[in-house]
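Each structure below appears as structure tokens.
Paired with subunit B in one complex and with subunit C in the other, subunit A is shared by the two complexes that follow.
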Partner chain A sequence: MTRDRKVGLGAMALLLLALASYPYLGTSGYQVSIASTVLIAAILASTVNFLAADGGMASLGHGAIAGAAAYGAGWASLQGHSMATQIALAMVVGILVTTVYGVLSMRTNGIYFLMVTLALGMVVFGLAYRLSSVTRGENGITGIERPEVLAEPWAFYLFLVGCFAVTTAALWVVSRSPFGATLRGIRDSESRMRSLGYYVPAYKLGAFMISGTIASLAGLLAVWHTHFVSPSATELGRSVLLIVMVLLGGLGTTLGPLVGAAIVILVENVVSNSVERWPTVLGLIFILTILFARAGLVGSAAKVLRRRRRGTDAGEPDTAEPAGLTTTTTIP
Partner chain B sequence: MLTLPRWSAALSLGVVAALALTACAPASSEDPTEPPAETAGASDDETGDEAPAQAEGTLKVGYISPITGNFAVAGQEMVDGWNLYWEINGNEVNGVTVETIVEDDAGNPEISLTKARKLVESDQVDVVVGPLLANTALAVAEYTSSVGVPNLHPVAAADDLTQRAANDFTVRSGSMSGSQANYPGGVWAADQGHETAVTLCPDYAFGWESCAGFKQGFEQNGGEVTAQFWYPNGTSDFSTYVSQLQSAGADIAYVATAGGAPGPDFMRSFLGLGLKDTQPLLMNCCSMDQATLRAMGTEVLGIHSVSNWAEGRDAPEVAEFNAAYAERYDGKIPSLNVAGGYVTASQVAQVLAENGLVTGDELVAAISATTFEDSILGKTVFDEYNNPVSPVYIREVQEVDGQLLNVPIETFDAVDQWLGMDPEEAMARPNYSQQFQG
Partner chain C sequence: MAAAVRTAPGPRGPGAPVLVADAVGKRFGGVQAVDGISLTMAPGERIGVIGPNGAGKTTLFKLLAGDELPTAGTVELFGQDVTRVGTARRARLGLGRTFQVSNLFRDMTVLDNVRVAARGGTPRARVFWRPQRPKDEISQRALASLESVGLSRRAQDTVADLSHGEQRQLEIAMALVTEPEILLLDEPAAGLSAVERSTLRRLIEELPRTLPILLIEHDMSLALGLTDRVMCMENGRHVVTGTPQEVRDNETVKAIYLGRRDKK
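Entry: the complex of A and B
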């Protein structure tokens, strides 16, 4: 296992190196900006991925959490507060909203969890849209600056690469920890975990808080990227796209969110330059993935490789099989 | 021992996939390697200013509009209006070729921003036109002004675009601010002898601004708005709102929508309750546009509305525009969105004809300094904040040669965006909302 882990870490380091060297390969500001958008979306998608894969909780509200954090920064910037206050307020607002989500949803699962997060997402959207004295309504808040050190697009991009590495590593560690194992236990059978003495809602709340905190960070990064926040950042559509990203990349895979985010963002922003019916393209990619690569692109590619190797190796059982959104409980 | 675990294989594959995908971005946007040559040509010709009689070069225009998504119809119309002008008049003015790249933003401000970046940094356009929605427009205007590229707005109505967020690179070319276009409606209603009014507007920025414009026009002239109702976007059944209007019992009802289905939906409820003959009604631009007229037919004959565009105005430029549009689009009559795109194109053309190739803030200054006598919107000049000062029409639906048209019955000339206040005074107040209507 040690050798495998080394290879994995090597691959990860290689990816980070590739990502970090991207601005130096003669890319234009526009291309760096697209890559930044992909990274931010990937961070946000990885929080949804963590919650859905390990906790079995598919959230339709993470776009709204990120949006709420963005509004925190935006409001502070509008009031002329310092950068430190803006950051603090963004995180406080994001975490506050996450807490509300978490407390209201920790006793639910499956479709009920989905509906609770959906409803709360709509509440955040409604507030952003209608509470114009704070959010300026549909017009949104413009002119939100990022810290001076990150003013250069490439500096900000490298910072994002760092953020992506740190958050992905953090989620990976949490997922492999006893806490993560407990979460998967709850996902597979809540009643069994309860009878084993675990206080299930606390674990669910904990998972939601971890996921929501990183989502708030993503929201802050997004507003630093666009200098702008409007109700559309909290729209249901954004949250749905996050789920699409996760499923495209592969639920429960470490790099799935990055791949999924890259596909969605590139279709939205680059393919749409030349193809007028780009939403159809996105839909087709999604349908084909669901039909022919149910474990997502990363997950399915890994499966294919594994099957090929099975010839030389007596099929070693997998410890962290990517699970579907609706997990089947199999008691051996 | 030779085997790797599943997840490391996934990682390495991820590397390949991510690299391939990131490689896609440069590859597909590297094609604009040809444009720099043209742009170089264009900048050479900036020196051609001294000889405005015959400038040469290319004005590259990036046009952002929601061609897909919920606002696809309005977005496409905005593009059609722009293209129509160049189709009729040719895209070469005074030796300058106008080249347009259209980009779709699906009404999402994040995509609008990426598209604006792409147009400016990758395609190196000289001017960005659009987008359509208030939030997308404000986001793009902020970006373009930060990089010194002019931004023209054919349709966006957000007050702030030419007020609190005004700058030297942003012009509202083809539309009016939300409150500006409806203020004369209030003045007119008061002049008609109505003493009380009730309003119904969509519950978001555009609705707040429209209602605030009407209310201030009405109350500054002695009227009183007794009740204001707000409906959420997406309302399709207006019967409860119509009964509220009815029970408010005011002399006149003012109703605004942002275009699309709510206009006809409201009219069906209003007519269904038989209020047409008993309750005087004034609609805004977009609730009584051609889409509503086509949907409702002769039932809406005689309904009044207020807008800066009147397709039934008796002027040769309007007739020419209507005919040209009808010829290309199945005999349809152009809406405010088409007019906005067309007007923007005509302003660019006139400025190019008079000044040769101008770019940057000079283009904005040139537009702002020009008087557009024969605009299809009526005589237009610009204020210091690059917002049009132009006529607003009180229109009545009439049948002209078998077609239903909004014919102006009264014209308010040279309406500015300040609603009878000083600019400083107006901008010191909070943005309009349900709570603050001025």
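Entry: the complex of A and C
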């Protein structure tokens, strides 16, 4: 095991320990609730991070996938189905929507992929609004319960820490697998991968399915947290914020989505209590990060640490382009 | 050669041509980039395609590799009609190729580039539940391929750290590790220094004689020195085909390259 790998695993173990001990540090119920929101957002952002960093596919539709899964659980709850059915329906609806996204977008890349996922997200949002016999339209579905064993906020929070650890580890393993290397090859050069015998759309679909399945889980966790789902859960703004989280934390970093999610959720829920124009604050943070730490906060910190270890501290702002999020616009 | 990447090969007999292009043409709007080119490659044969800039060499290469579909004519690979078949399927049939403009995986190590190539489109590339193994058969093949092109000492470097000439060597290592049954080289010497060109020439010369090679090259001396038969193109059309000596002595070829066409 390399030194970098050991440091990374050690940092992750410490972080998980800190996260797990958070409810026992005299924190209020509100603080635990905010931390739960951060963890759910981090799980969702990590799926966008995986797809963008390894596959070069920046999705504007993951908010809608999670929202669709939340509606699956909500509808099952509305019909009085059991908890197992609610969970199953949430995952089935989320994966079905993911499949539609994946099949329609797997032959696209760059800006075209972005637009396809945006358009499909708008379709899901439209259905959430208009298909009121299922979704209850603008009012949304309320009273969605989570399993009894997770009824206590601290129990649910610890469950979320576990979900975050498992999903992060799963995406880490996939990213370092031969499949992950294939995705990075596709990200860098689809034409070369085709010339090596790879059927590129199938791999892109596979990556989307992995990402969308975990996004569906995040949608279920979100609806368990808020007990409520409405069309706003599927709106474009949620998906845009996911990309902001990824870029703030650091594209392609393991902990970046958590850091990005923490910043966005804290600004949205805490700073907004004292600053009316909190989106401006978020925008400023984003611009400053892009200008002075283009690899994101985690990515840039890791780079600085690596440079220091090599004894070549450049002392300049990090403006290097991170891998992934290709701007190549090959016609599909 | 192992046939790990192959799928349902077409009818192949001893001595049967490996690649046949029959009157292939490609029109882009009002421009006829390739016009009725025919070409037959025998097993183990090395063919060079030369011509000045704009002759249509690269378009012909793309038609043979599957990057572009022809607007006229047919292409057969190992006896199978692949005229409308895409690049990935042609690769699985045994066609290996290099790229004129380098599009290597720049953030990966040299070894990882070759490992991705070695897995091709096989089920090994779909393993997502465990990390890549540094000592598995794929890695061994990748290292052997790097050794064969003289790049094994750079295995752990990233592609961005390689010189232009080393990137060309890596291109060939990636093509060879797929164990191709025919190799297409698209202007491999483009942009190389004299020393790098000499290294590349030696590398191509040392490839197994049983491997058929189609070499598209602007540099006439390189193409003539490495091939058994040479075709010269101009303005998308066939000019002459012959042995390197015949092409070298051909007055039309001289005129094309030296710009001294006789006026009648």
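Note that in this section the second predicted complex is superposed on the first by the 310 of 332 C-alpha atoms of A that agree within 3 Å, B and C clash if a C-alpha of one lies under 4 Å from a C-alpha of the other, contacts with A are read in each partner's own complex, and residues count from 1 in each chain.
Keep in mind that, in the parts below, contacts are C-beta pairs under 8 Å (C-beta built on N, C-alpha and C of every residue); 3 or more make two chains touch, one makes a residue touch a chain.
Please read all numbers here as calculations on a predicted model, not as lab measurements.
Enquirer: Applying the document's definition of touching, compare subunit B and subunit C: which contacts more of subunit A?
Expert: For subunit A, the partner with the higher number of touched residues is B.
Enquirer: In the overlaid three-chain picture, which partner chain does A:188 touch, first (subunit B) or second (subunit C), both, or neither?
Expert: A:188 sits against subunit C, while subunit B stays out of touch.
Enquirer: Looking at A:179, would you say it contacts subunit B, subunit C, both, or neither? Reply first, second, both or neither.
Expert: So A:179 only meets subunit C here.
Enquirer: Name the contact category of A:85: first (subunit B only), second (subunit C only), both, or neither.
Expert: neither
Enquirer: Applying the touch criterion given at the start, work out whether A:15 contacts subunit B, subunit C, both or neither, answering first, second, both or neither.
Expert: Touch partner of A:15: subunit B, not subunit C.
Enquirer: State which residues of subunit A lie in both footprints, the one left by subunit B and the one left by subunit C.
Expert: Residues common to the subunit A contacts of subunit C and of subunit B do not exist here, since the sets are disjoint.
Enquirer: Going by the contact rule set out above, which residues of subunit A touch subunit C in the complex?
Expert: By the definition above, subunit A touches subunit C via 173-174, 176-182, 184-185, 188-189, 191-200, 203, 206, 210, 323.
Enquirer: Provide the residue numbers of subunit B that touch subunit A in the complex, in ascending order.
Expert: Listed in rising order, the residues are 2-15, 17-19, 21-22, 24-26, 28-29, 67-69, 103-104, 106-111, 113-115, 117-118, 121-122, 133-135, 138-139, 142-143, 158, 160, 165, 203-206, 208, 430-431, 433-435.
Enquirer: In their shared complex, at which residues does subunit C touch subunit A?
Expert: Going through subunit C, the ones touching subunit A are 5, 65, 67, 86-88, 91-92, 97, 99, 103-108, 112, 115-117, 119-122, 124-132, 138, 174, 178.
Enquirer: Could you please specify the touching residues of subunit A with respect to subunit B in the complex?
Expert: Where subunit A meets subunit B, its residues are 1, 4-5, 7-8, 11-12, 14-15, 18-19, 22, 25, 27-31, 33-35, 37-38, 129-130, 132-133, 136-140, 142-143, 222, 226-228, 230-233, 250, 253-256, 258-259, 262-263, 266, 268-274, 276-279, 297-299, 301-303, 305-306, 309, 312-313, 316, 318, 320.
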